[in-house]
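Listed next: structures, encoded as structure tokens.
The same chain A turns up in both complexes below, where it pairs with chain B and then with chain C.
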Partner chain A sequence: MFSFRNPISRAFATLALLLAVFAVLFPFVWVFMESIKPASLGGRPDLWVFSPTWENWNEVTLNSDVPFNILNSFAIALVTVLISLLCGAPAAYAFSRFRGFESARYSILAAEMMPPAILILPFFLVLYHLKLIDSQIGVIAAHLTFVLPVVTWFLIGFFDEVPRDLENQAMIDGYTRFQAFYKVILPAVRPGLGAAGVFGFVLSWNDLFYALLLTGNESRTLPVAIAGYWTFRGVELGKMAVAILIAVIPVLALSHSIQKHLIRGIGGGAVKY
Partner chain B sequence: MQLKYKFILPLALLLSAVMLYPLAFSGWLAFHEYRLTRLDDVHFVGFENFVLIATDPSFLNAMGNTLIFVLGAVSLELVIGLSLALLLQKLNILRNFSRSILLAPMFVTPIAVGLMFRFLLNAELGVIPHYLSKIGITVDWFGPDLALFSLILIDVWQWTPFMLLMFLAGLEALPKTPYEAARVDGAGPWLTFSRITLPMLRSVIVVALIIRALDAFKVFEYVFAITRGGPGNSTETIMYYIYQTGFRFFRMGEAAAAAIMLITVILVLVVLLVKFSQAEEARK
Partner chain C sequence: MSYVRLEKLRKSFGSLDILHGIDLEIARSEFLVLLGPSGCGKSTSLRMLAGLETVSSGRIFIDGRDVTGLEPRERDIAMVFQNYALYPTMTVGQNIGFGLKAKKMPADQIKKKVDEAAKLLNLSHLLDRKPGALSGGQQQRVAIGRAIVRQPKVFLFDEPLSNLDAKLRVEMRAEILRLHNELQATTIYVTHDQEEAMTMADRIVVMKDGLIEQVGTPEDIYFRPATRMVAGFIGSPAMNFIAGTGAGPCRIDSALGALKVDAAVREGQAVEIGIRPDNVTLAQSGYDGDNPVVPMTVKLVELLGPRAIVSLEHASGQAITAVVPYADISSFRTGSQVDIMLAVEAMHVFPVS
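Now for the complex of A and B:
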């Protein structure tokens, strides 16, 4: 492969890369600065030197609904992911192993790509008639529409990589196919289950659209709460910055841990590298 | 029942409940006059909703805005993502450090991204206009001319990492022999890239483009967080249009018709893209 042997082009390349890193980091740095700015100085763009304060953090964590919103987001994402893994793992295994599922495989991908605009109307109406607007159950059902296909699709690629000899051997040893699946194959794809679970969790945690329309005071999730810090007046900006950081930091930490599995998952066995 | 169907039964049942049933319901809605404010007067209207939507200038405007958004965002993301992937691959210093940072935006909740940029780019109070004005540049990022473009830039900030992720993996998997042959023959970097790297990355590029484009059609959060469709309706996207029709004006039937037309447009585009890439393949 060619490389940047010429020191000048190498310098330019390094500069371009650093510029990209800066462009990514800058908003995060800014939002952290806003979160520790005293409320009276919020929204002063020229201000980088000030005495930092934790008043926004205290206000948001001790004196607002945000902890409750975090709890809602967390519970909804967790239940959604558990259901998705429970139903998605056996199906992904079947898609990977049995003949006759080729088109079913791609209908999973189609489901994953379905625009929420077409699903939200029936969801809203059904939940409205069931008196389940503003309940976690409705949001979980709605989040299943994208987390379940993603998790299933994600796992197909991981099952594809487990050699068939593994379950053949287990079945020779007297396991039924199903026993072979959950005693031998599932443990072998544990990293995949973890990565798919984390990815699905992040998708549910980050959703605004469904949560905005299906939740209320009793079930509001963190993204909807963030959208509620609306005005651009001193105090609110600092609090919004805190809420944003609270939403973003755990997700960044989680995603970092699954980085190396992401490609196999997103490819879903369809992209061969 | 055959064993293989038992494995997919839970998934099939659950997907029927949360997807097939709502889809059928939406199909039914699209042919009915169904207003949340007049629930006692729900009745069949045939294709009337489709006609209403298809002749509504704001639907066509929203469709146009969405297509510009998708095309602009996805092509910028493709070019920047591919360039960054090549840079990262060549520069072995900083590689792991930069990769982790550069991938971060794709995991951030889009409403947070929207709000961060709303304030970073705000004409009076934003940091970026503040420093731009110091070097004599005044840009109204969310004014009528630039607002849609600014939303595209925000999407580029958030989703170029996805392209980067796909291309990095694609580049890593490329065989080494063609490159050695090219070097022996004295091919320059540009020739090597356009004749070897690009053709070999083709399938990865097509998959990344399709995934990204379908996702970009769903853009809602940036519009909701920043412009609410404005100024005028210069940034009203199709998702925002459907949200308005269904949940601000309570016209569920028309919203369903609009959603079905959106899916039709998406399907046509996907089929065209796949056909095009197969034709390209066949040409070789």
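Now for the complex of A and C:
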């Protein structure tokens, strides 16, 4: 990537890169160190010399609700993403194709900019009356308020790149517009659907705000569980570190898998190629 | 008996009128070319015929059936787009067979038809490739294969060759003509390339600003242009135009002096005389008493091989382009004086509105 001829500039560039890599990776290393620190030393992040132990990992993965919370997080994120793709793809197609929708596409961002605090009270009241507090459905509904707009926005850019003549051709070939949409256009934006799905999944997986206020024992998600290690006895740093790592690793892996499409998607319909 | 008929076809986008009422009849098996500069409404007309644009007013008939309000899929047409519009996720074979699948044809029959079309277009060895792995010319042939395999009533081509390089364009032109002769399919072909139009068409429709300027055979269009626009648009290098005023029947006063023409002109009428560069000759190469001889200055000689394009200027400032045998002009340099002769019988007179 860098082609410095001068060995001194090359050395500086390498040094700068190493510093950047260190700055990015250090927190992970530190959290990992915390996770293998004996509980008796917990709360002492300044200690660097200790005999490592897996007791925190055993405690969290075998003797706590965390696996159940992971399952909740996973189920909620998955259903949120599926609904978002199901509704977001046709919506994004309409925003991309039909006259009059062109300027309206930015209204999607407005939904995204609304502070969640505005929605939480009505949400809480509605879910309370529907007896859906502490249910996965309630959290999914809440997550849709920010995942669906993001997924829609994300996909508009991908649909914009598919030439209109492609669906025109399909309609001439004997298909209805809807058939053209799902037989020709959707397969053509498959990378976009995958990337949008992963992005939406991560957003839902990471959410603390709605999950904290709308879940209880039955539907608690992983971020809420992590926050739960801040107890009246202080922060249980070792166990929290384990849970943090479990929460972060899939996010890192997923983000890496879609990084190629990420910029394109975030640009949405705003960037013309 | 017309096979495709456009009746007072109009199109407007908001307050912007694109087509001002087109009437056109196309015979069965005819190869009709819509020709015109960009923005003249030729592509819009084609897309309305395909059902991809709504009709603001007027009607469209295909094989006697009013299709004005029908969906594209109900019109039994096939279209080849400028960018080929191949389905990127399907193989060549699937691309060609996609239209047959819509007709719910059994798979073995689809395969048979696809194989036939592929053989006709020399695509048999590419059937399992994806469009992305094909060259421009191959993609074009797949697009054509997809059109012919359905045996539609009408073929529509929207500038299908403009993305190809010059050599391939000439090859594909011959290929499309060969297919047309073989299949005898009614074809409507849009292009802005006059060479394509002249070489391929049974009849050419020249359009400008949403109106038809002239409909006729390539010979009609070239030798008997109906309007100043058609005369100027067709032919390369473009026709020379000399402004003048009528000075009695068959006489026009112009920048090049008084010219005798083969057309009735009213006295005082503002006209333009058009003459093709081929009909301007150097007076030395043989004098003809009937044709006017005009002294000119050579401005530029462009060699095209055996012939040369000569840009000339009259003392009045009137510019004239001539195409002459290179041997005739080789001794003249930029700035030389030369007498030219204008062929009276080849002059066209257009009233200035």
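FYI, the second predicted complex is superposed on the first by the 241 of 273 C-alpha atoms of A that agree within 3 Å, B and C clash if a C-alpha of one lies under 4 Å from a C-alpha of the other, contacts with A are read in each partner's own complex, and residues count from 1 in each chain.
Definition applied: a residue touches a chain if its C-beta (ideal position, glycine included) is under 8 Å from a C-beta of that chain, and two chains touch if they have at least 3 such contacts.
Small disclaimer: the values here were computed from a predicted structure and weren't measured.
Trainee: Taking chain A as the common reference for superposition, should the pair chain B and chain C be classed as clashing or as fitting?
Mentor: Fit - chain B and chain C, as placed by superposing on chain A, sit side by side.
Trainee: Nearest 10 degrees is fine: what angle do the Cα centroids of chain B and chain C make about that of chain A?
Mentor: 90
Trainee: More chain A residues touched by chain B or by chain C?
Mentor: Answer, by number of touched residues of chain A: B.
Trainee: So, does A:Ala141 touch the first partner chain B, the second partner chain C, both, or neither?
Mentor: first
Trainee: Which partner does A:Ala91 contact after superposing on A: first (chain B), second (chain C), both, neither?
Mentor: A:Ala91 contacts chain B only, not chain C.
Trainee: Quick check on the superposed pair: does A:Ile172 touch chain B, chain C, both, or neither? Answer first, second, both or neither.
Mentor: Only chain C; A:Ile172 stays clear of chain B.
Trainee: In the overlaid three-chain picture, which partner chain does A:Thr14 touch, first (chain B) or second (chain C), both, or neither?
Mentor: first
Trainee: By how many Å are the closest C-alpha atoms of chain B and chain C apart after the superposition?
Mentor: Minimum C-alpha separation, chain B to chain C: 12 Å.
Trainee: Given the complex with chain A, which residues does chain C contribute to the contact?
Mentor: It is residues 50-52, 71-73, 75, 77-79, 81-83, 85, 87-89, 98-99, 102-103, 146, 150 of chain C that touch chain A.
Trainee: Can you list the residues on chain A that touch chain B in the complex?
Mentor: 1-4, 10, 13-14, 16-17, 20-21, 23-25, 27-28, 30-31, 34, 43-46, 83, 86-88, 90-91, 93-95, 97-98, 100-101, 104, 111, 113-126, 141-142, 144-145, 148-149, 152, 177-178, 181, 202, 205-206, 208-209, 212-213, 222-223, 226-227, 229, 232, 237, 240, 244, 247-248, 251-252, 255-256, 259, 262-263, 266-267, 270-271, 273
Trainee: Show which residues of chain B lie in contact with chain A when the two form their complex.
Mentor: 3-4, 6-8, 10-12, 14-15, 17-19, 21-23, 25-26, 29, 83-84, 87-91, 93-94, 98, 100-105, 107-113, 115-117, 119-120, 122, 125-127, 129-131, 157, 165-166, 169-170, 172-173, 176, 179, 183, 188-189, 192, 203-204, 207, 211, 214-215, 217-218, 220-221, 224-225, 238-239, 242-243, 246-247, 252, 255-256, 258-260, 262-263, 266
Trainee: Show me the residue ranges of chain A that touch chain C in the complex, using the header's touch definition.
Mentor: Residues 163, 165-166, 168-176, 179, 184, 187-188, 190 of chain A touch chain C in their complex.
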